[in-house]
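A, B and C label the chains in the order they appear, each numbered from 1.
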Amino acid sequence: MIETVRFEWFVIPFLFGMAFVLGYCLIGMIRVIHELPQCDRKRFYLSLINPKIIWKNLRDIFCNCLLHIPLWRRNRLLGYMHMSIAFGWFLLIVIGHIQVLCFIPGRIHTFYHAIFFNYFVEETAPSTLGAVLAFGMDFSLLLILSGIGLAMFKRVASLLFGMRRTTRPSLLDRVGLYSLWAIFPLRLLSEGFVAHVSGGSFLTLPLNWVFRQFLSNPEHMVPTWWAYSIALCIFMCVLPFTRYMHIPAEMLLIPVRNAGIKIRHPRKGFARLEIYSCPGCGVCIDACPMSVKKANIKDTTVYLNRQLRRGNEKRIAEISDKCLLCGKCTALCQVGCQGPELRVAQRSLRRYGINQSYAGFSVEPFKEAVRGGRKVLYFAGCMTQLTPSIRRATESVLRKAGVPYTVMDPDGRLCCGRPMMMAGRLDQARALMEKNREIILASGCDTLLLSCPICYRVFAQEYDLPGIRVVHHSVFFEEMAASGALAHLESSQRPLVYHDPCELGRGCGIYDEPRALLGRLGRVVEAEKHHAESICCGGSLGSLSLGFDKRKDMTLNALRNLTVEDPETIVTACPLCLSTFDRYADRPVKDIAEVIDEAV
Amino acid sequence: MKESVVIIGGGVAGMETAASLLSLGYAPILVEQSDHLGGHVASWHRLFPDMTPASVVVDGLKARLDGATVFLETGIQFINRLKDGYNVMLTNGVSILAKAIVLATGFNLFEARKKEEYGYGIYDRVISNRDLEAWFSSGIDDRVPDQPRSLGFVHCVGSRDVKAGNTQCSKVCCITAIKQAIEMKERFPDAEIYCFYMDLRLFGKKYEDFYINAQRDYGIHFIRGRVSEVAETIDGRVQVKAEDTLTGHPVRVTLDLLVLMSGIVCNPDIASVTKNVTLERDEDGFLRSRDNISSITESPRRGIFYAGTCTGPKTVPETLAEARSAALNVHQFLLSSAE
Amino acid sequence: MDFGFKLSPSSAVNLDRVDLTLYRKVEAKAPDIRTCIGCGSCTATCTAGPFSGMSVRQVILDIQRGRLALAAKKLDACMLCGKCTMVCPRGINTRALILAVCENYRKEDAK
């Protein structure tokens, strides 16, 4: 191969676009890292020299950003489509650079030679290396084109891709989309025109042959290269203002997340990174339990991210206040964008005229009541008062197993603090939590038993209780059953379905113990969507603005999901789920404690 | 040949309709799915405002049914609309051709178990108004203690409550609560009796006198505050939490027995009856009449009439009056269709 | 001359002159507030309970009668647990109501 010409004007748009997007990303990266709090920044830098984390970062970036492995798991067509474009383009760039290195190594610094290689060279003598590289290029191009074809098809038949609904693209999104679609056919066209000079492979050579039947003047090919370059320029210039910003953002998100950084400020730092990493794919729309009603579709996480980018405060507040905080969008998000955490962070921005001090609340009577109590401290929780069967059953099972316990809130005048946290009022929540903590520590217990997963989550994840084991009753009872402390467990073949409460399942990762426990006394069947994909009952306290009448459809949808295998009883592990389902279910709904109590 | 009229439901509404139709010269066919006539009233003890024994009312109605065909333990398999009437198929295989049908399917009592926070079915000392009325008749119920020193009545259980799925007032529970409170005070004169209400709705004949008597002669305490939850004490008694809204302070009391006034809700069996012949429901779940003022005993459909609580909560005298009105509607309808 | 009594302002609520600005703002966020029948279930079930004086029913009345400082004092004990919302027979979103009062209350307006 020899170089025919060193420079052509058509590379200018490309260079401009690339300078713009690279500059933008660099500034963005510096900004995000600078916005992190001091301790988080330090942590991040340390992670960059930690070999284990470095390896994880590389592996995650390769698997997530290029191969899109999580998307494959969701739906194969969707995964192939994204992988083909991402990985294909990656290959094009890499192989392009290898071509430059091999044949015109002096030009490696210009950037544009690797992209427009075929224009600037002439193949003097065919070589194996040249053929192999050309094959690689054509193959990658074909890969991308197949993906683009699928993408066009997806716009009309998204159901085939496992998505009932997709995001409505904004105007700039569309510009980015069409320019992206245009880039690769234009590249094929351009390379097709010059393949008789530069050499090519199975795609470009036949195309070139076709063209030479119609065209005699080689000057005709330059406009296609201009078009190619301009398409690239347009795409790169709009990229920072569209969903495609997720391409560079995700590459920074992965290392920052792997360093263990969490969302602190609602808009800056890690939050900004997550907001821009959102690829706008819309998987969260189908995931969201509220999307049963069309009116709620515009309140899903993908639209929250869009509004956050636009700074539309009114919509941000509406979307943030409505969310049930069930976490299903996070569970299914390909990028790991944390919907609930982002929204709670937005809620914490609000300023209030009344800030609770709980000055009149004295912990002394509570401390007196639990001092010198038993080793197991049972916190029934405020919601349990409205579902007394749960507390009764839990205490009954404890008694039958001979486990001595003290009830921390016999009169129910304590709240764990999580509802306040979910409302974004973290200072007030901390004040409440400090009071509870005093009482727990005064009791001298070594186990804190909860029958409500909302309480369990906050006690396990946010409280500082040294030397005290925090355990949910389903896990505790399963341990008791496994160790034989629960004698004579009556078992039958009655089909039972277990509903994974959002706070226990996605919130704390507890899926198996309740099922194991239930398996000892009945046949456990699964809902259609279960474990991390279970559907929220709709009763969640996470929503600040959803009224009672707006939740019925969500509950009915969740019940439909639970009863696909026609179980006899629906078993839950959360008092809120219990009372929500019991209102509309056509079959008995029981807490896991009640089911165990009946069987012991 | 006397004209047949099918009456679905053998409660007091159905019985009165049948009796009235007999006196007008028709051949009513009374279809009742349980094994006895008299419906809910038959299981009650005494009726307000004069403390008339329910059995007197029911027996009086039964005595007037000579000549009517009565099917017990029978349901409706389907109703088909014909050009000139209806074909009613009963579950016992009998098929009837009738020009007119009267629906007297009645009501259901709200399942108190659904208000889990009140502990019905969980705590021993919590019963419903129906349970208490049955105890008045039979004297047998383990949950009623021998010598209760304190009793409570909770109004509006399953009524005026969007969480219970029924936003309507059940009309008769307030007067029933006062009636039952007085009856308990007569049996246990030393007991303290509390009625927890949101509003007191005492609209009927001599109802206000009941209230005055309850206050003056029986010393029953009325507390304006809806009970939010009920807890059990160590010795098996129940403790009730409410706000005494008139003083603005929370109130708590331990009781030996708590009676929940379950409300009147629509009878779900109606769905199977009206499957083939669509009879609209009103927003409150009860059957919708042609007009709620001038034609409450007529359905929107030609030849189908309503009597009693199937269109909404009502008292026994109102039910009987509607039953007679429905019978008259049938009579006028059959006369006009014969022309 | 000392007549032995003071002239103190009447404790009657003058509906002609009550300041409903806070109430209107809360109404916009939680329109169901209008359907409150004052049954008291919210107060009865409140976790903050008897000693704190917290009562959603009374807070609603207070802001409807312009007694804002009293409402603020009661709200100091609210733990936002949500039990009041669960028991309300009219289906009012009391939690949203409480947050709306907390958000829009300004000490300067309180009497």
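Simple rule for what comes next: contacts are C-beta pairs under 8 Å (C-beta built on N, C-alpha and C of every residue); 3 or more make two chains touch, one makes a residue touch a chain.
Please read these numbers as outputs of a predicted model, since none were measured by experiment.
Peer 1: Any idea which chain sits dead centre by C-alpha averages?
Peer 2: A
Peer 1: Between A-C and A-B, flag the pair that has more C-beta pairs in contact.
Peer 2: A-C
Peer 1: Quick check: how many Å separate the C-alpha centres of chain A and chain C?
Peer 2: Result: the chain centres lie 40 Å from each other.
Peer 1: When the centre of a chain is set as the mean of its C-alpha atoms, what distance in Å lies between chain A and chain B?
Peer 2: That gives a centre separation of 53 Å.
Peer 1: Give me the residue numbers in chain B that touch at least two other chains, ranges are fine.
Peer 2: Residue numbers touching two or more other chains: 117, 162-163, 229.
Peer 1: What are the residues of chain A that contact at least two other chains?
Peer 2: 385-386, 548-549, 579, in rising order.
Peer 1: Which residues belonging to chain C are in contact with no fewer than two other chains?
Peer 2: 45, 49, 83, 86-87, 91
Peer 1: Using the touch definition from the top, list the residues of chain C that touch chain B in their complex.
Peer 2: 37-45, 49-50, 55, 57-58, 83, 86-91
Peer 1: Once bound in the complex, which stretches of chain A touch chain B?
Peer 2: 385-389, 392, 548-549, 579, 582-583
Peer 1: With touch defined as at the start, can you tell me which chain A residues reach chain C in the complex?
Peer 2: Going through chain A, the ones touching chain C are 350-361, 382-383, 385-386, 411-415, 417, 419-420, 423, 425, 428, 432, 541, 544-549, 579.
Peer 1: Please output the residues of chain B touching chain C within their complex, sorted ascending.
Peer 2: 117, 156, 160-164, 198-199, 224-229, 241-245, 248-250, 252
Peer 1: Can you check the complex and tell me which residues of chain B touch chain A?
Peer 2: 114, 116-117, 119, 122-123, 162-163, 165, 229-232
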